[in-house]
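Just so it is clear, A, B, C and D label the chains in written order, and each chain counts residues from 1 on its own.
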Amino acid sequence: MNKALLTYLVWPLVKFLIAFIIVQLIVVAMTWIERRLLGFIQARLGPNRVGPWGLLQGIADPVKLLLKEDILPTSAEKIAYFLGPMLPLIPAFVVFALIPYGPPPAFTVTRVNVGLLLILAITSTAVYGIILGGWASNNKYSLMGGLRSAAQMVSYEVPFGLSIVGVLMITGSLDLVQIVRYQETNAWNFLPQLVACFIFFVSMNAENNRTPFDLPEAESELVAGFHTEYSGMKFAFFMLAEYSMMIVNSCLIVTLFFGGWTFGMFGVGLTTSVLRGMGFFGGILGAAIFFAKVMVFMLVYVWFRATFPRFRFDQLMDLGWKWMIPLALGNIFVTGLFILAGQERLMYWIGLALLGATVFYLGRKPAPRKGIHASRVSEA
Amino acid sequence: MQVEYPKPSWSQKFLVLDLLEGLKTTFRELFKPKVTVRYPEERNEPTDRFRGMFKFSYDRCIACKLCAVACPIDIIYIDVHDDMIEEGGKKKKVKVLDRYDIDVKRCMFCALCEEACPTKPKSIWLTTKTYELATYDRNDLYFNMQELEYWEDRPRYTGLPEEDEKPRLDETRLLK
Amino acid sequence: MSETTPPSTPPPSAAPAAPTAPPVRGADEIKRDPLVAAAVARAADAVLDARELVGEITLFIDTARIADVCRTFKDDGFVYLVDLAGVDYSKFPNHTGPRFSVAYTLYSFRRNARVRLRVWTDGDVPSVTAVWKTANWHERETFDMLGINFTGHPNLERILMWDGFNGHPLRKDFPIRGIDTGARIYPEVFPEGGGPKAGSTGKPVNDVNLYKGEWKAYGSSPAAQIGGGAKPAPPKPAPKPVAAPAPAPVAAAADDDAEEEA
Amino acid sequence: MFDVHEMEVNFGPQHPSTHGVLRVLLKIDGERIIEAKPVIGYLHRGTEKLFEHMAYPQCIPHTDRMDYVASATNNLGFVETVEKLMGVTKQIPRRAQILRVILSELQRISSHLLWLATHAIDIGAMTPFFYCFREREQILDFFEAYCGARLTLNCMRIGGMPEDVPAGWLEDIEAFCDKFDAAVDEYESLLTTNRIWKRRTVGIGVLSPEEAIEWGITGPPLRGSGVEWDLRRAQPYEIYPELDFEVPVGKNGDTYDRYLVRMEEMRQSNRILKQCIPLIRETPAGDLKAKISKVIRPPEGEVYHSIESPKGELGYYIVSDGKTQNAYRCHVRPPSFVNLQALPAMARGHLVSDLVALIGTIDIVLGEVDR
């Protein structure tokens, strides 16, 4: 067989399929993990009926959704209504070809030297499906959900992109593999770029419509938001796209800020060269580390969902435009100053100090607030 | 008393400690014991006073109709006739209970009938600790005297009735 | 709000009545009670009568002047309209006079005491929504339930029953089992007369018009029509014709079967 | 370009966060509410009409069904009103009075827990819901142990209480009280300082004290506006004068203040419970009913009596004709009904999301609004 064909078409396709299957498995698992974890956090058990510990819930749900009646509202815009759930799926799937899962070249599907930009460009098209679906349902709640989603996506695309700039300035590359290689020889980027990491994390929650920012489907306000009128497999497609995008963003934050497939800093630990030294097993190990990190962030999504109330729409905009964007710009400026001064190591210490202060404060018992506790004070 | 408003310090605000505090709480809860009961397998035992399904005792009942009077929604139907019996050579007038029906589907389990019952022990009581009363047919919830006394022995539900036999939603009953 | 700070101990007027019957005070004596004396003095001619029971003062007010009197009382410190309730006295034993009564319960934070104003009416009462905003829904509810017109109310429509409901449920002649409202959930599946449409299920249609005669009789009786109908009624509404072909007008066929032998 | 394009939205009656079957007709410009018009009556069951047709003791189970999350206080209001009409208020045995206070304070906690659960989940925090229900279940277990029902208690009688406390009940309540303050702290750690929660509640639906009184608002919403008025203090009933508790008030009258007030009320109710348990132990067991005739036939007259239900002033206006055993007219002054009236004024100018928070903060129960 032609070697070029093998290198550029067959192998990438095979690798993409493998990665795609893994990701879809995570999606299936997440439907169970999310509810189970939510249950455990909320003093209940979560789904535990289908199979042992409810493990087969991830299969039972799609089967149920597939068998469900596919309802088309009479006054819906038919073509747009059908396109709505399909459109977000495409970018959500395509992006998986661009992410390095393990040590290159064997464990990257394609290596694009502007991979980061390409991913940003592709993922931001996912919103069209939601807007289209919300509008085509011909339901006021859906419409409001769709509009909210559009505004939210547009607003948070900006801090999302800006927060990455700091990383780019440090690492000097748009190539995801390069960014990871930089982090294993230096510290993981979340240390020098703690603020950027925070902004990225917040924006990615907002991009995915996850809980503090789940306005487009805010079930207590808009019934179900943009997918109020969707049922059956179309609804499943929306969910599939949402979870896939969650995984994409988790992959991105792992790659950009948490060392990708490596497990080590300053050249110590399981760096790429060490993993390569272990041969194929090392590659598998790298991918495992990568997906383990991704799963951690997926769980953090759930943890957030369990903890936080929901923002209001104008507050969400405020946060995006008045806080996140200036903060991201400031971060770029400060990073630039440090780089100019050649004091990049100092940023690590600042990041460490901030983290340390947070942990310290959090470990302390909060002082009881006097007035609220007056009942007990007076008794004592 | 004026309620106290929380005043976080500047550093606490900067480090988003208010949010992390909540995360800490949920994380701690993750490892606490769970309170839900896996219902059909595990059951909570009702307390001794739990007001559940009725139980009726024909032998104790003196047919005084006080329970029917006490019922706020009139779902206890009692028919009585007088009978003469001979006891020790004397003729004695007794009340004989012909009908003692309770329309359990309309019951709100207030236990006023139990409270009104003058016999000791009560001849109608609700402390049977039975709460699984769901049926597939509304009419199954109309209990007559025998059923009220021996509902444990009632034939269990065996399956949906045939299509023709299915009770239809009768609008007259709704309007009444 | 210095006025709203309640005194630490309730004044004796708020204490529940002792089991021994309290001395019955005459109307003039009650009017001179320090609780209401100031307000009564300013609207003396509108206060027709006064009564007291279990420590609660009831003042009977001239119906036409109730809004003014309420304003007077509000200015005097009774700033909070607790409750507004209408009563249909048509079946009250030995009752003569107007059919309805409306009771306004006022509360003064300063005195920590309530007073009740009452008016008699046969259908029209001036609205007090201009005095208290909270009177709005109270009056709408009273209109809905009893058919008392509150003239000058900005938005006198039904609140608990639906628009177009014919009759006023809390009137004494309204049957407790309800009336046929003609409402059908799905007219094409469940046509007038109830039950599934013939042929739609292959089953004969049940005859459900069990109480039809009674309903019709109620709908056309004059009792159902004082201030009836959905629209905010004019001060003196003309009897509204009902759509149903009226049989010979029967005196309200109120069949209260709940006067049980309790 | 800057035209106002109004859209009409039916908020409810089937909506996740209208707490039942409330329907709010919204006129919105974008997401901003121009006009909100509550439409009620979907749960109207004619309770007042039913009261006219049944004997006084038979009404008690029906009062359960008005504010179905706080049935003990509903019962309390009704039986106290009838007792006042009969003039037997003073004859109620002390043990029965303490028991009534215990039940109504437990009910207050459980009602506030349900309020917090639904209010939080309306604003998007789903976890407090389950924590609140965890504690609420324990309270419902107490109710079940006392009277046999968990929700519609029917737990009071005219002239006293139906039953004495079951064995071990007071000890269980004591154990619960000891743990409950920590539970409230836990809810607060999720919400009180949380910046998202504060953003969602501070400055939303502000009611000045004058406005609140003008709208007839009672209960925690009134106290949140800064009016220190609680019927347990202002016109004390049962044994409340002996008890030591605070009436928490806010000062801004916004949703956050109402939230703080209710949180503090739960603590104060807990404090009352702790005081009541030693008191009830001092009283002789079994002394629960005043010596009144079984057939309740109050004298002719009218009476209004109200108590502090978890939602505000719950009043009953009873007209008796002195001849029959049933009320000639029984009008209920439901706190939710009156408080809900202020919703349009509070919601004007806010966003759709705030409407949800406002419905939550008024703490309506549609069974009580519609009766």
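A few comments on the model shown:
Please note the rule applied: contacts are C-beta pairs under 8 Å (C-beta built on N, C-alpha and C of every residue); 3 or more make two chains touch, one makes a residue touch a chain.
Nothing here was measured: the structure is a model prediction, and the numbers come from that model.
Every chain gets a centre from its CA atoms, and the centre nearest the mean of all protein CA atoms is that of D. Comparing chain pairs C-D and A-D, the larger number of C-beta contacts belongs to C-D. Chain B and chain C have Cα centroids separated by 36 Å. Chain geometry summary: the mean Cα position of chain A and that of chain C are 60 Å apart.
One simple way to say how far apart two chains are is to compare their mean CA positions; for chain C and chain D this gives 24 Å.
A straight line joining the Cα centres of chain A and chain D is 43 Å long.
Shared contact sites, meaning residues of chain B that touch two or more other chains, fall at 1-6, 19, 21-22, 24-26, 29, 35. Residues of chain C in contact with at least two other chains: 260, 262. In chain A, 41-44, 306-308, 366, 372, 374 are the positions where the chain touches two or more neighbouring chains simultaneously. Interface residues of chain D, counted against chain A in their complex, comprise 7, 9, 15-17, 31, 120-127, 129-131, 134, 181, 188-191, 194, 196-197, 199-200, 245-246, 260, 263-264, 267-268, 270-271, 351-356. Across the interface of their complex, chain B is touched by residues 54, 57-62, 64-65, 127, 131, 134, 137, 141, 144-149, 152, 154, 162-163, 166, 186, 189-196, 228, 246-251, 257, 260-261, 264 of chain D.
The residues of chain D lying in touch with chain C in their complex are 40-41, 44, 46, 48-50, 52-55, 58, 84-85, 87-91, 209-210, 213-217, 226-229, 233-236, 301-304, 306, 313, 315, 317, 319, 321-326, 328-329, 331, 333, 337-338, 341, 345, 370-371. Every residue of chain A that touches chain D in the complex is listed here, in rising order: 38, 41-44, 140-141, 144, 211-212, 214-215, 218-223, 305-315, 366, 372-376, 379. Considering their complex, residues 37, 39-45, 48, 303-304, 306-308, 354, 357-358, 361-362, 366, 369-372, 374 of chain A touch chain B.
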